[in-house]
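Just so it is clear, A, B, C and D label the chains in written order, and each chain counts residues from 1 on its own.
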């Protein structure tokens, strides 16, 4: 069901300074895509930059079978992409990778008595699941698609925690609020221009301390994810994070995009492909580098 | 109809388009995009005697018209390959070339022996040119005598055709080619990646976990083409050309320089259907130029009018 | 104020930005676009004892993120240089480095002698790495003993600082570097171009009149950077780094890898003001990062934290 | 007076299928530019393609100080250029090289008794100069600018000979006709779709045979220029041709763009830089390769 195709852009908007929302006709059925999966796309038809760029699926429109990505211009590839307009064409490989596990599912693990003994979440289902979705900056992209799916599930509450540098970089807040009454939005800004003045992980820490969260999904800068991981371990709460690594093939063939994950034996490690076993991993699996 | 078949080291390929080792995994990953049965051959990721976890990340960085990689031969080892990967590959009607590497001559010998006991392997590609591992690899590929020794060790332990893959990181690639030819190699693969590096200005440290990496992609095409040309002039073994082949035009340049077949590497990352696009492009070229047999083009650029 | 001065082989340069030989002509051509007095030094096109008409065209072909050139050391010879070019260059407040080449060791010696009798030459850059001439050039650069011999011959015939320019077309550039260091070289230039070629599909012949050419430009930056890194680790001579330097970021990578100065080559063709843009970019970087002296950055990427 | 600058595109039109006329604000005074000179410009801000591309100045507008180039899309650089639109910016180096010599001038030579003995044109001035301007395909570009200058000169007639594959590729014909009553247009097409069915050099041959031409300017494919050169030698008529070579620096520094020209001694040759001593050369100077 993954595919490689040239597609048309249907719309592109700069939704905040330097942040673009780009929609295209999906070459695959969006109903089969999982939140957290990504597309690998070529920003332009040149050998420089050479590689495609990975972007999480940020939104799907089931009616039109369209996909949108939300991206920040950080370098040449994204700058080229930002120049594209309606009807321009580019190649899309995807959907790729393994996305977030929607509850309930066997892929979620809750550590009991430390990270070593783990059990599938099914064996430990709270009757009412209290979810936190934690986004740092453009990390909201895969989480928005996740929210599009979560909002239709029964028996859960969703706290959306968004951390951005400043209110100017706040993305999709209105769209998130109008998703569902189950969703509650918490904001944190580095410069205090809106919401909590400080890091989004501090909000998460408060919620966890108050034992208000059963499950966490997070995406954002690796430094943030590392703190999220520490908090989850400390409070013995399961969660999943979406990682980023420089990619080569995007499909699991080249072994470029690996991250260090816990191995089968104690203190051992193994390399996991972010493009294939990830980009979403159970938070306890990852060995965070300093 | 044009005749795309080509013979290399006793192997008859239905067409000259092969996957380059390490860029196509074990081919499952590309099966959704490519009809594997259409390929001339599949060369798998480098296999070693024991599993290897590879180099610490970062393992890849983009450079102008190229990439540097330092995977470090991460692979599950020959036993896992035999048990779990070869059966998958055997379903297809496509010759499987196994790329193999070792840290000592002995290891190459044992590995060759093990591989030769398996079914459904069409040929061995001996990697003596990997720049990304501390022991073995480049060490053998940059010394003609050592290269010959590895070649002999492999030849003595297999009845499969032996393709030796050479490194461009040498003063005279023809000399190494000659040495492995005399040691009994049946064919040559040229080229492996060129040793390079990149520096992260923010960290003031090399980008790659391994410091050095191997440069591949369009950037190295001129160097690869030159290597094929030079070896074609001095050694009579069949050549599999590779290095920056992204289009049928690129492939045809290699063929005219003397390659009997071509391997597609980094291009797979940019266009997962690159192999097929190249194959179709070659076929169209032959048809449009009324060339009946691809083999008529091999080395064509050498003949002075 | 940041301190951009750098000392190389006893030469004090006001900043580290030098022009790469053969890409800036004798600098008149660039005078309309560049204030020559702002350059750290000017390295002129390779000079030989007698005039050379160079290789038959085509002499240049574009490749992905690079170019292949096969000029073949076309130059008017040392006498014309002394009579008609040096006086022009002497008007400027900028050290002139003369790139020199020969077909025999004797020729290098005689040429060094002749050049040393002239005024206003700051240093000699000995080209033992030109891939585009039949005799001399690469032949000397790819053999450590021959490289050392040329170095000694030049050293014995001049009191000027001697910079030896090395080729990347070798198995171990550190070995050649070591050999010329022992032979008395005062500094090293790395790297000259990488041997490559291109084929014209329509003609089914090599594009270049000389068949082979030297690859330069962004494509080779990873290889050049690696060479600088390797030589910096093993040889204590000052290094002038070059190969694909197009921006201040590129230049800073070379400096962190161990280059004391950088030379800008192919970039001049794309942006005639590249040297000045790079100079200003380096200055800004130092200022923004509160680094007082450029020399503090040299080799910075080698120190493990 | 040559300069290197980023300039704005003021207009771009596809004037025939695959042929574009692109105007930009000139960074140099167009009054000082010579017909036959070229600009070296970067089609895009990527390393692939790496080099700038050379284009002859095809038109100048003295009032607005604008320059126009006329180009054919043949590869990636020109394809990128064709995507540019008004207000897009690119870098321009120029004007470069040595252009056509406007009569009378010391640079024109008329061979007497064969190509060896040559004399400056001044020593042999016909009271009334009959000029032929010979263009093959997009070779009309520098010649149009030449015509803009020639049309103001006294005492000459101008025969403009244009050869194109088919009428669809005919460029600037109306503009040429309306330049001046001195100008007479002759057309040749390979497919006979308009004008003479055959090569433009056949028209030139007829005119030369009838002794109707004193001086020729030509630009077009090298095969055409070679025939022009042969005709001029045979009829002992002087002329200048504009050559094309792959360039590196564009300013005379790299010695990439050389063509083979006659040397000072008999049967000797020397290499001349197309970007510096050319692109326009006296026709007798060139040694044509097979």
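Here, a residue touches a chain if its C-beta (ideal position, glycine included) is under 8 Å from a C-beta of that chain, and two chains touch if they have at least 3 such contacts.
If you're wondering where the values come from, they're calculated on a predicted model, not measured in any experiment.
Touching subunit C and subunit D at once are the following chains: A, B.
Should one ask which of A-B and B-D has more C-beta pairs in contact, the pair is A-B. Averaging Cα coordinates per chain places subunit A and subunit B 36 Å apart. Subunit A and subunit D have centres, each the mean of its CA atoms, that are 58 Å apart.
One inter-chain figure worth recording: subunit B and subunit C are separated by 34 Å, centre to centre, where each centre is the mean of the chain's CA atoms. Work out the mean CA point of subunit B and of subunit D, and you get 48 Å between them.
Looking at subunit C, residues 64-66, 217-219 sit in touch with two or more other chains. Chain contacts: subunit A has residues 47-48 touching two or more partner chains.
Taken chain by chain, the contacts link every pair, so each chain touches all the others. Residues 2-4, 42, 47-52, 91, 93, 245-260, 270-271, 276 of subunit A are the ones that touch subunit B when the two sit in their complex.
For subunit D in complex with subunit B, the touching residues are 47-48.
In the complex of the two chains, the subunit C residues touching subunit D come out as 22-25, 29-30, 32-33, 45, 53-54, 56-62, 64-67, 69, 71, 74, 217-219, 246, 266, 268-273. If you check the complex, the residues on subunit B that touch subunit C are 63-66, 68, 142, 169-172, 194-199, 201, 204-206, 211-213, 215, 217-223, 225-226, 229, 244, 249, 252-253, 256-257, 300-301, 305. The residues of subunit C lying in touch with subunit A in their complex are 64-65, 218.
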